[in-house]
Amino acid sequence: MAYFQSKPNSGRHFLQIPGPSNVPDRILRAMDHPTMDHRGPDFGKLGAQVLEKAKAIFKTKSHVIIYPASGTGAWEAALVNTLSPGDRVVMCETGWFAHLWNEMAERLGIVADFVKTDWRRGADVEAIERKLREDKSHAIKAVCVVHNETSTGATSRIAEVRAAIDAAKHPALLLVDTISGLGSMDYRHDEWGVDVTVSGSQKGLMLPPGLSFNAISAKAIEASKSARLTRSFWDWKPMLAANATGYFPYTPATNMLYALDTACDMLLEEGLDNVFARHDRMAEATRRAVRHWGLEVQCQDPRHYSSVLTAVRLPEGHSANALRATILEKFNMSLGNGLGQLNDRVFRIGHLGDISPLQLVGALGGVEMGLRAAGVPHQAGGVQVAMDYLGGNA
Amino acid sequence: MAYFQSKPNSGRHFLQIPGPSNVPDRILRAMDHPTMDHRGPDFGKLGAQVLEKAKAIFKTKSHVIIYPASGTGAWEAALVNTLSPGDRVVMCETGWFAHLWNEMAERLGIVADFVKTDWRRGADVEAIERKLREDKSHAIKAVCVVHNETSTGATSRIAEVRAAIDAAKHPALLLVDTISGLGSMDYRHDEWGVDVTVSGSQKGLMLPPGLSFNAISAKAIEASKSARLTRSFWDWKPMLAANATGYFPYTPATNMLYALDTACDMLLEEGLDNVFARHDRMAEATRRAVRHWGLEVQCQDPRHYSSVLTAVRLPEGHSANALRATILEKFNMSLGNGLGQLNDRVFRIGHLGDISPLQLVGALGGVEMGLRAAGVPHQAGGVQVAMDYLGGNA
Amino acid sequence: MAYFQSKPNSGRHFLQIPGPSNVPDRILRAMDHPTMDHRGPDFGKLGAQVLEKAKAIFKTKSHVIIYPASGTGAWEAALVNTLSPGDRVVMCETGWFAHLWNEMAERLGIVADFVKTDWRRGADVEAIERKLREDKSHAIKAVCVVHNETSTGATSRIAEVRAAIDAAKHPALLLVDTISGLGSMDYRHDEWGVDVTVSGSQKGLMLPPGLSFNAISAKAIEASKSARLTRSFWDWKPMLAANATGYFPYTPATNMLYALDTACDMLLEEGLDNVFARHDRMAEATRRAVRHWGLEVQCQDPRHYSSVLTAVRLPEGHSANALRATILEKFNMSLGNGLGQLNDRVFRIGHLGDISPLQLVGALGGVEMGLRAAGVPHQAGGVQVAMDYLGGNA
Amino acid sequence: MAYFQSKPNSGRHFLQIPGPSNVPDRILRAMDHPTMDHRGPDFGKLGAQVLEKAKAIFKTKSHVIIYPASGTGAWEAALVNTLSPGDRVVMCETGWFAHLWNEMAERLGIVADFVKTDWRRGADVEAIERKLREDKSHAIKAVCVVHNETSTGATSRIAEVRAAIDAAKHPALLLVDTISGLGSMDYRHDEWGVDVTVSGSQKGLMLPPGLSFNAISAKAIEASKSARLTRSFWDWKPMLAANATGYFPYTPATNMLYALDTACDMLLEEGLDNVFARHDRMAEATRRAVRHWGLEVQCQDPRHYSSVLTAVRLPEGHSANALRATILEKFNMSLGNGLGQLNDRVFRIGHLGDISPLQLVGALGGVEMGLRAAGVPHQAGGVQVAMDYLGGNA
């Protein structure tokens, strides 16, 4: 079996889902090196190096834990290392992934106060602040926010959440999921006073899925000492101990570390600010195309627009899943599906990671041709509008 | 950075640790395909296919859960899906990995009755049976055994453990770790009545680390319904539900699934019985060399010899770690270190996975030349003895 | 050094030159297998198989010679195997590559009657027929035509050349260069009565450069017996002898044969007619964009339009090279330069090999944004026109 | 099809033929990068860089021509660039490859004076000198010597050939084939006054076949101006012109240049003297094993021993080809066959390129076990003797 997606029109598959993103050739070639002895001296150098580079990506001087596991695991790690059964937390329902994280918390025995939104914007910072101010006894142990909500394309403003916690003079930990934001949009673990940042490999880091992360503050480490949720695989303590010399307490995903090391190099060579600006341009071009088509962007608050993906609403009576199936079949492009309550209502265009203006023009071209092929009413010319923008900013 | 181990004598690095084993070129090339949409139709076909092939490797008609996580996680999964806080289990201290699994169980709030051994043989089946017979109230919920103890090179006889449980007429679940045994030595999940088999990708399956497994019986699934240890990432239930159509409840390690699919093909093409016979030959050749050198094999019971690795004891006053360092530096070969109480006392020769007689001859040659270079007393000619055996059985 | 082209906007480089074309991942992964013994039994099977598949691509039941050398060598091979010093041939100056082939012929001591064109159409079939009719003594030994002239994007109609030779009742051999046409446009070695077809690996076959071909008729083989141009490396005779059992008279380019084998599979799996129709659509879409921009297609005769590439003329006073440099720098896309008299006058868009509608939309988007960035007067909207066509034909 | 050699005992194939040698993973990974525009600015940098590195390998400050063709072509290039029809040359029949080069020369119209040897030593320097001294009229235009004769494992001493030409005060050019010697044994194009050095990619350079070389002196370039053998593809002149800016006159084998660039890095990082010393050790270990087995090394003059390969004679009545077939089938190792008059009489062990002591021990182990399996009389223990030597020199 050759592990390629079906390709009726030949050429490379356009993987425009909001992650896993396209893995650059350079990373694929790093990953396929022979596995090395994870207890040998060469590994120690690699481990120390990649742990250090990862810190630069998270913008932290503290610690980054690397799990040989996909992103969902890092959610669990953030919770079980800092909380105890019955602990109260505030979570914000920004969309499907916030919903899943909430479900996980409840499954683990945490009591979550779930701030609702309409899935069309980022976290409701005022509601968070209100809840914290009301919590005079400081029963709330943590505030959990999804930075970039992959189901809606809305980005929560973490600095504002931090300010809200501070304004409320509340000692709650701040746990942030930026699984799909890291490496694509600005993120500042230390400056924003985040205690645990959760992330994964298969989005802005441009790796295949299989690694996930907790960046952790001193305050989080302190909290972990008294946290009583059961944990073993996810436990930070043996990780921190082994990481001190570049090793891991159990077998790491060696080949993925090769890939991570290379991914960090690529991001740092391009310069994080350039990476973010590139993503911003892709996102703005995409939204202009969407608007020109006469379709609606799921995220309604421009301050919360995601630079990682754009979720697009279809007019009533039209199936987003049918559109995606048409595009996959006719144009060899994968788009993200609507999740949860947005199933069949939206499709999602990923414009993250290893992406260039020309690739985006091709992807938007595929959407526009797909809208036509699927009979979705729209005004032609969205690609042109995107090009006007991209060409003017090249 | 090129991710290769240092090589003072050029040529390919000899990775003769007992896992990660050498990843065959064919698998590296499967793994480095572009990541595909894990929610698209092509993925569903891949998922269904690889789940089916995995069953053939475990020799089960039930279910195999594939975690996008390394092997330690699958230990945790086996426990948290079947047990509740305070549950009693019987575990057997066959070596370092049994010790770690026991530590994990205790960390999770399980009360383990830990049957000791001298780390020179497999599980003490009689002691297990005795404990089960004594447990008239059936307080013991599970028996946990490491099939192939990677720290000592001793293999427990799982069929005998099964027989002991049956003889005691005890309803305990049987949980078996064959992380390092699967795909190298005969293993029969269904026939041996195992309830949860734990395994990993980086040993006999010849993949890099990053996938792990639970093969689960109907009885285990039934037990999971009332098990109360907290679990989310490791929970079988959503896995089984999603797997039914070839998908996963959260992002799978797509590229590792390409590799797994190819690894299963390779094992099934060679024929599992041929694979096992090949490992048996490698192991016997290695033990003959060791004995000729005048060194002692750590495993003292021939019925428990492992075909995956051979742990070799050094004479008093000689450092196994110094020997390994000499061999790494002079001969570009990695050997396994002694773990726990065996640190510096033994070195371990991995002879598993993608290995041939000539590669083993090279590896044993490296050991023999290394013994000389490190000044470890030995009788030269071990390689010759191994060749006499291998050549006579080719 | 990482062997990637500079990428100011990240993402994959768009290699839209008319060859080397983009090498599909599947072929890159075939090529990077370990080199095998070219005299061992496995190689013989591979050799026999790939020689057979190659015949299907050339549409011949005769022989295909595979040289471990790039395309220019196969030109030389066609001449030195069939001709003698001082022999007369008719060649047609369809563009730069016909010019180079003519130069080569003269360097080898062949006397070429060079039929001129204005580099804006295919071979002048009437002129060829006239020359043959005039040659009552049959002094002309061969007619040499470039099927797809890569410098101009004009395709000569080989069936008409054949008809002209037949009409003139002339025994001249027909030698055709389809280095850039094979595998992209219909080509029929046997049916068109071609005696030597010259081709290369890096165009429609989607391989890197490094292999080249002579498909040869029985008449060509007969001619080779008396041809007296010196030859050794290019000599068909030892090739045919060794090929009979799947081997080669000197070391073949083994890894390129892996790639060729896979390339043939890809073309035959898609179906040659589908491959050709796909190329036709890409070319028509491109020409529609070019015309909409108000630019001129170099090829003036629609019957001679190439489906492999489109050469585009810039208005007087504008530099095609400056445009290409702008596009490379700003949009990370390589376009073909003008060759010979067309230097700086045209740029060439390759739309061959592993290409899909979305990739073409991206490429045309890059051209349109580049025209704007470089200040070349044009009417915006060419991409839209291309999409209208591609979308309507998907 | 997976392009791997059959492997009855699994594990990596042992490719111990005297070229193509095992391609290191690092080189395979360089080679499988996407093909770049060979006329773009990035290519010019690559071309200039690799041409410069190649000079360091040949030890010349003059020019190295890189052909996108396998080694046999570079033989032809050396002749057609320097000679005219009817020119006289002296060649030395050191073995099969010298024989083939001689055949080629005659096919090209060159008159060769062929100094015979018994195929058991290098070139007969005294005979060469005698012929040159006798040639008072300086009719001899060139002396052609194979540096490392791959069919016999005998290496000619080029410095002595140079001295002989000088002693005879003869103006003949010195053409040397070191296709299988370069990068494995010391070679000094400038210091030894060689005019044309012929080499290929698939031996000491550790690449797949597909590139070949002419290193050329100023005197050779001068000779090429009046040389009248027809040439086009092989012509140095357009190569030198285009190389001046890092480009090539026709499409180069781009991906092979990536590989060459990496190969040069590997050789220069290890240090050429270390590379040569490593090869010397491998060769000496091999010969000691052969002698211990009671077999005869084909090369009889120790001063001419090759460090690249050892050709081993079988006792009368035993078939070398049957032995090789047994070893291939039972031990998954390819050995070189006897060529020409040595067919079935010798087998050849390649110990060149990316090879380490442990790999050699494995290879020699395969030979020793194969001798036994094939019933060839021998004294066991050759591997031990090789290990004694290798271990003592590690």
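For clarity, chains are labelled A, B, C and D in written order, and residue numbers in each chain start from 1.
Simple rule for what comes next: a residue touches a chain if its C-beta (ideal position, glycine included) is under 8 Å from a C-beta of that chain, and two chains touch if they have at least 3 such contacts.
For each chain, UniProt lists the protein as follows: A, B, C, D = Pyridoxal-phosphate-dependent aminotransferase family protein.
Just so you know, these numbers come straight off a predicted model, no measurement behind them.
Undergrad: Chains in contact with chain A and with chain B: which ones?
TA: The shared contacts of chain A and chain B, listed by label, come to C, D.
Undergrad: Measuring centre to centre, with centres taken as mean CA positions, what chain is farthest from chain B?
TA: If we average the C-alpha coordinates per chain, C ends up farthest from chain B.
Undergrad: Could you quickly compare C-D and B-C and let me know which has more C-beta contacts?
TA: C-D
Undergrad: Quick check: how many Å separate the C-alpha centres of chain A and chain C?
TA: Those two chain centres are 45 Å apart.
Undergrad: Roughly how far is chain C from chain D, centre to centre by C-alpha average, rounded to an integer in Å?
TA: Inter-chain centre distance comes to 34 Å.
Undergrad: Once you find the CA centre of chain B and the CA centre of chain C, what distance in Å lies between them?
TA: Computed from C-alpha means, the inter-chain centre distance equals 54 Å.
Undergrad: So which stretches of chain A touch two or more other chains?
TA: In chain A, 2, 4, 12, 22, 25, 29, 32-34 touch at least two other chains.
Undergrad: Within their complex, state which residues of chain A touch chain D.
TA: 25, 29, 32-34
Undergrad: In their complex, what parts of chain C are in touch with chain D?
TA: 1-6, 12-13, 15, 17, 19-20, 22-23, 28-42, 46, 49, 67-73, 75-76, 80, 85, 104, 107-109, 200, 202, 208-210, 229-233, 235, 250-256, 258, 261-262, 265, 328, 334, 336-337
Undergrad: Would you mind writing out the residues of chain D in touch with chain B in their complex?
TA: For chain D paired with chain B, touching residues are 2, 4, 7, 9-12, 14, 22, 24-26, 270, 275, 278, 330-333, 354-363, 365-366, 368-369, 372-373, 380-381, 383-384, 387-388, 390-391, 394.
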